[in-house]
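Down below are the structures I want you to see.
One chain, chain A, appears in both complexes that follow, with chain B as partner in the first and chain C in the second.
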Partner chain A sequence: MEIATEIEVRDTGFHDFKATMSMLLRNKHGEESLRDMRNQTLEVDNDGNKTLVVFDEPRDVKGTALLSFSHKAGDDDQWLYLPALKRVKRIASRNKSGPFMGSEFAYEDISSQEVEKYNYKFIDEGGHEGIPSFILERYPVDPNSGYTRQQVWVDKERYIPLKIDYYDRKNSPLKTLVFRDYQQYLDQYWRADEMYMENHQTGKSTLLTWKQYGFRSGLTDGDFNKNSLKRAR
Partner chain B sequence: MSEAFFQFVLKHRLLVIFLAVTLSLLMGSGVKQLQFSNDYRMFFSEENPQLKAFEQLQNTYTKNDNVLFVIKPRNDKVFTRETLTAVAALTKEAWQIPYSLRVDSITNFQHTYAEGDDLVVEDLVLDPQSLTDEQLAEKQQIATSDPLLVNRLISPTAHTTGVNVTVQLPGKKLTEVPEVASMAREMVRNLEADYPHIKVHLTGMVMMNNAFPSASLDDMKSLYPIMFGAVILVLVVMLRSIPGTLSTLIIIILMIIATLGLTGWLGIKMSPPTTTVPIVIMTLAIADCVHILVNFLHNMRDGENKYQAMMESLRINLQPIFLTTLTTAIGFLSLNFSEAPPFRDLGNMSAMGVVLAFLLSITFLPAMMMLLPVKALSGDTLGSVAMIRFSEFVVRNKKGLLWGMGIVILFLVSQIPNNRLDDQFVKYFDETITFRQATDFTTENLTGIYLVEYSLESGETGGISEPKFLQKVEGFAQWYRQQPYVLHVNSITDIMKRLNRNMHEDDNDWYRLPDQRDLSAQYLLLYEFSLPFGLDLNNQINVKKSAIRFTVTMESISTQQLLKIEESAQAWLTEHAPGMRIDGASPTIMFAHIGSRNIIAMLKGTTLALVMISIILIFALKSLRIGGLSLIPNLVPMGMAFGLWGMFVGEVGLALSVVTGMTLGIVVDDTVHFLSKYLRARREKNMDREDAVRYAFSTVGTALWVTSLVLMVGFGILAFSHFQLNAGMGLLTAVTLGFALIADFLFLPPLLIYFGGKNHEANPYSHCIAICARYGTGSYRRRTRFGDRHGDRSTGYRLP
Partner chain C sequence: MKVWRWVLLLIPGLLSAGEWSGFVEMQGRFFPQQALDSDQSGQLVSVVLQPEYYQRWDKDKQSLLFIPLFRWDSEDDERTHGDISELIWTYAGDGWETRAGIGKVFWGVTEALHLVDVINQTDLVENPDGEQKLGQPMIKLSLEQAWGILDLYALPGFRERTYPGETGRLRTHPRVETDQATYQSDREERHIDLALRWSHFIGDWDIGLAHFNGTNRDPLLMPDLNDRGEVILIPFYEQMHQTSLDLQATKGDWLWKMELLHRSLDSGSFNAATGGFEYTLVGIADSDMDLGLLGEYLYDDRGDDASTPFENDLFIGLRLTANDVEGSELLAGVIKDLDNDGWMFNLEASRRIGNDWKTSAQIRLWSDIPVDDPLYIFHRDDYLEFTLTRFF
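Moving on, here comes the complex of A and B:
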């Protein structure tokens, strides 16, 4: 618990950032597919972050934008702007544990990870690729989560996650997420350039690459509402 | 050389017995490593194109090994609070099934509707207990009118429902399938205990896979004892010798243990077809032992001592037994051409068994007989008199038989085209097997188990949203829905139409495909954001969004009907959507093709075996003409058997297509015995063709019909197998062997008399020799009587 809090504390105060994300999906057959999007995140005091994601690729969904308000307790709010329909639709689903854009990431894997979303247990100290780590186990609070538990390797020095093992509802190993190539921004905030998620049951994988990080770029609350959704292209 | 060997065997009998038993048990120690295969894919080789196509489809989307719980409430109403509570409980519980990837039911069905500007996506049934009667009726209306559900997870009258669990077996351990199956069974038990008003059946591919080893074990438990009983009975009646029966039984047991042991060492997995091996080789081993023992006992009766009697028996039997072992083994080995690996295993295991039987019967058997006290038999060997009468009948009616048999053969062969290929894999199991009962129930009450799947390609990334593509898919779905026997068509277009309606305030006028590509894509994106874990669309859309999986569920129909519909589907695609044309893939399609693929493969194998066997026969018999003539009795029985099958059964499949190779080697045995005796009479005793035929009958006639009877009983017992593949194979083989006997007794002799080579200068005593040869110094009276009847034809009448 202290470790989880420390992670959050160390990652607080960045105010906002912008970045581009690209996802490379691969199936067991070796077929690949690319998803490109832009991400803007705004820190909210005492609650989850506000995030706006604009899709660039595939071409058919270009300009589609997803706005989410993450909450420490209760369901996140989500709206989607569909340019072809020129309408904003609220996603009124309690259950968002499905795959994000057909990838191996679930929405709950990449939304902001507030401390309150899990219960924690310290397991052991260990190492991941030679980096001394704490090994934690965390249990999702949301009953609709797709997981029973997650095992997280946290860098002892930098307090950042290095690897997460996901266990499905019958407690079998489901996926593994590995964080690669951490960079430090503003001398404080660590962000991984690559997040590689592998599904052990289906043999599918997704490589999520982050680029062009820009912190404190002057985003405000006004950039994160239904109207801004339509403008965000 | 062989004589020295046999002398050694008879002298050092204890050593021989010790070595035979030790070596057999040593080989047999591999039994511990025997494993039962529990995957229907065992019937397909890795190169099988239909299997490859299906694997590719599964790799592109997700695997669809499944467990289907079929739930029927006693009041025939699924939409009651109690039943829905049970379904919801099972839906939740089913996630605990090992290797489960997704669980689909009517309660967690992702129902979508519009609420103002919101798209609501939620479980169709969230809290069953809180539902009012009106709400229940409304839910039933939604479920029974949704094309994704009706005839798949809910029957149109809502009297039966299903919970489908998709599992992805890693395929690393043989325990995976039983693990899933036993967990599913436990859930059924618990559910039925908690909700006594419902009955739950279990089907699906995993349950079928699980039924393979249990069907094999059932067969072992029920068939093996029958077999042993029959063997003991036949041996006692025929040999009338306790030591002989005992030795043969020990040989059979040693041989089975050694064969199964070798199978274990070689890592061959047991499957329902290979569980028949012990019965097959047991039957063949008896034939070897009987030949040696009958002559041995006969010689003893004629006053020879044990040692002489055995040496003599081994001397005259070694060559024919070796020859028949060789041809039988070649026949079995021809099964290696089979498309279905279990039948290759069957062939290889049987070939091993036959060779072991041969080795044991020339070592262990004589040694045992030397060791045990043996009483000389009194009286005549079974049925010799009848044989001689019979040979006279054949010789007298040679012309009638030649023509009569010729016509019968031609008639039966002309019936072969009545056979239709059919491989409905559910029917591989007979009605006593739980899986079959559950599946039949499912087919009658809920949905089919026979699927045809297509991966429809749009040809470009994201192309599945293209209106033209979607319209073609929709057209294909509509075409399929109009076909007979089609229960359900799963197509992404139904989701698209529903979403389009939801986006337009649930206005039914908008229940149609979106007409803009980006709109469809954005609908899908929105929908996918709303789906919970395990209910995503990855099982029907590929990662590039360039292709969709299209699934058709059929009633239980014959392979022929299925392939015909699939063929028309191909024609439809070629005409309306040439770029999308692709062969259907699924286990059903795989089984639909395996029969014909196997027949073509087995034709090659059987032809090769036939050529090899004929060459062996030509050399062994030292006659091109007789060797060539042997082709007729070797081939005719199969033709007759398949013709008879065509008249009375008319369905052939995977198992029956291997019968040709298997019986060839056995059928040849009879011909070999008959022809070698015929030639011996012609060459050594200078008889004319008719007398040579009489001689052949009198020397091997009895042995032939008795061994044929044993073989027919052995294979006939397989007809009681709960595994229809084995039952059909056993029955057709028994019929073939019966026809082989008929052909050898009624058709081969006239053929030999008319075409069996130039007559040498007739030996005036040949007729007498023909008859006397069998009798030796035996009954004089009978001989006289026989001579009286045919005195006009015999020139002289005295012992040579």
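Moving on, here comes the complex of A and C:
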């Protein structure tokens, strides 16, 4: 719990950031498929972040945008903008465990990671690729989570996650997420350039690459409403 | 002079390069039944080109969107046409936004019928389901505040509803002669319509409250004779006031939706409502698939005199979302008239191929429609549609 709190404390105060996200989806036959999107995130005091994601690829969903107000407890608020119909739809956000855009990431894997979303247990000290780590187990509070538990390797020095093992509802090993190439922004905030998710049950994988990080880019609440969702593109 | 000042402000933006995207689509429709009129065709092939130009400048505060549309149709001259779907300039201020040009706006929450959605005219040439809309000339001011979003619209220039031509299917019998449309207002299609809408969300609730004053988008169709002595229908566009409410409650896996309106016209005032639910079963049968169950009731207090076929009807539908790499989706539904035996069936399925292609299929059936029902005109127009789309 102290470790999880320290992770959050060290990552507080960034205010906002913009970044591009690209996902390379690969199935067990090696067939690949690409997802490109842009992310804007605004930190909210004492609550989860506000996030706006706009899709660029695949082309049929270009301009589709997702606005999320994440909360420490309870369901997030989510609106989806469909550009062909000009329609903003409030969507049921309880579906956290389903694949995000057909990828191996579930919405709950990439949404705002608040301390309150899990219960924690310290397991051991160890290492991941030679980096001394704390090994924690965390249990999702939300009954709609797709996981019974997650085992997290946390860098002892920088307090950032290095690897997460996900266990499905039957407590079988499901996925492993590895964080690679951490960069430090504003001399404080660590962000991984790459997040590699591998599904052990299906043999599929997704490589999520973050680029063009821009912290404190001047985003405000006004950039996260239903009108800005329609403007986003 | 003022106009020129605006144009000068736009120029620096127009000089820097924007981006082109869009799609080309091939469509085939097959009608298994013999049409009511022998002039009408049994199948069609059609191609759409819809490029899209988008550009932003001034630190993304200003943007321009241009979407022309061109369709070629093998059978129907009215379907072979070009139009400006959108040509709109946007300025996003701090806590406000303004738009000017030809634009599209969607209001509402329900699925089977979009009752309160009133800004844009329906394009029945593009699609008989009424989901396709024509670009509407508009000047819009939006205030984005803590108390919600207030949109103010001035709509100069009315767009008449489009109808399939003489040789096309899915048309009225007798056919509509759009060239002879008449208006209640002396200003005809130059009448400036006004609208305002307040929308907000409070916790799980999304609410929209709107008023519209101007030309009714739904014409009355008046029988008449043309020069050749044939019976035709002439659209008559009345002036109207419409007040509407749309409401959605998002409660876990349940969405509860409702749209209500009151419309007052010289030919008679009425109330209409539609509402229901969408319930999503997440990850059915241990898979990644979601199954949505939809139910909506459609009501219009004009009863059998209503210009809409949906005056006391029930919609039941299924939405299957595969959540796969191809984004496969299937939506099937039935609308049953509760006053008679009539029902209609609709199925839409789509799937992506690679990054740039998409295929879709649609089936529409009308069955046991009584002669006095507005949907009777479609009773021999059941069809299958296939489309292949290439995005660029």
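One rule holds in what follows: the second predicted complex is superposed on the first by the 232 of 233 C-alpha atoms of A that agree within 3 Å, B and C clash if a C-alpha of one lies under 4 Å from a C-alpha of the other, contacts with A are read in each partner's own complex, and residues count from 1 in each chain.
Convention: a residue touches a chain if its C-beta (ideal position, glycine included) is under 8 Å from a C-beta of that chain, and two chains touch if they have at least 3 such contacts.
From a predicted model like this one, the values you see are computed outputs, not experimental measurements.
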Answer with first, second, both or neither: which of chain B and chain C does A:Gln201 touch in the superposed model? first
With the two complexes superposed on chain A, say which partner A:Asn227 touches: chain B (first), chain C (second), both, or neither. second
If you stack the two complexes on chain A, which partner ends up touching A:Thr64: first (chain B), second (chain C), both, or neither? first
Once the shared chain is lined up, is A:Ser172 touching chain B (first), chain C (second), both, or neither of them? first
Please indicate which partner A:Gly98 is in contact with in the superposed arrangement: first for chain B, second for chain C, both, or neither. both
With both structures fitted on chain A, tell me whether chain B or chain C touches more of chain A's residues. B
Classify the contacts of A:Met23 with the two partner chains as first (chain B alone), second (chain C alone), both, or neither. neither
Touching partner for A:Val152 - first (chain B), second (chain C), both, neither: neither
Touched partner set for A:Arg87, first chain B, second chain C, both or neither: both
Looking at A:Tyr107, would you say it contacts chain B, chain C, both, or neither? Reply first, second, both or neither. first
On chain A, the footprints of chain B and chain C overlap at residues 25, 27, 33, 58-62, 85, 87-95, 97-99, 101-102, 144, 146
Given the complex, residues on chain B that touch chain A span 56, 59-60, 62, 95-101, 115, 117-123, 168, 461-462, 465, 503, 516-523, 525-526, 528-538, 541-545
Where on chain A is chain C touching in the complex? 25, 27, 33-34, 57-62, 75, 77, 85-95, 97-99, 101-102, 144, 146, 220, 222, 225-228, 231, 233
Report the residues of chain A in contact with chain B in the complex, numbered from low to high. 25-29, 31-33, 55, 58-62, 64, 66, 78, 80, 82-85, 87-102, 106-107, 144-146, 168-170, 172, 201-204
Can you check the complex and tell me which residues of chain C touch chain A? 21, 23, 54, 63, 90, 92, 94-95, 97, 104-106, 109, 131, 142, 144, 149, 199, 201, 206, 248, 250, 252-255, 280, 282-283, 288, 290, 323-327, 352, 354-356, 358, 389, 391-392
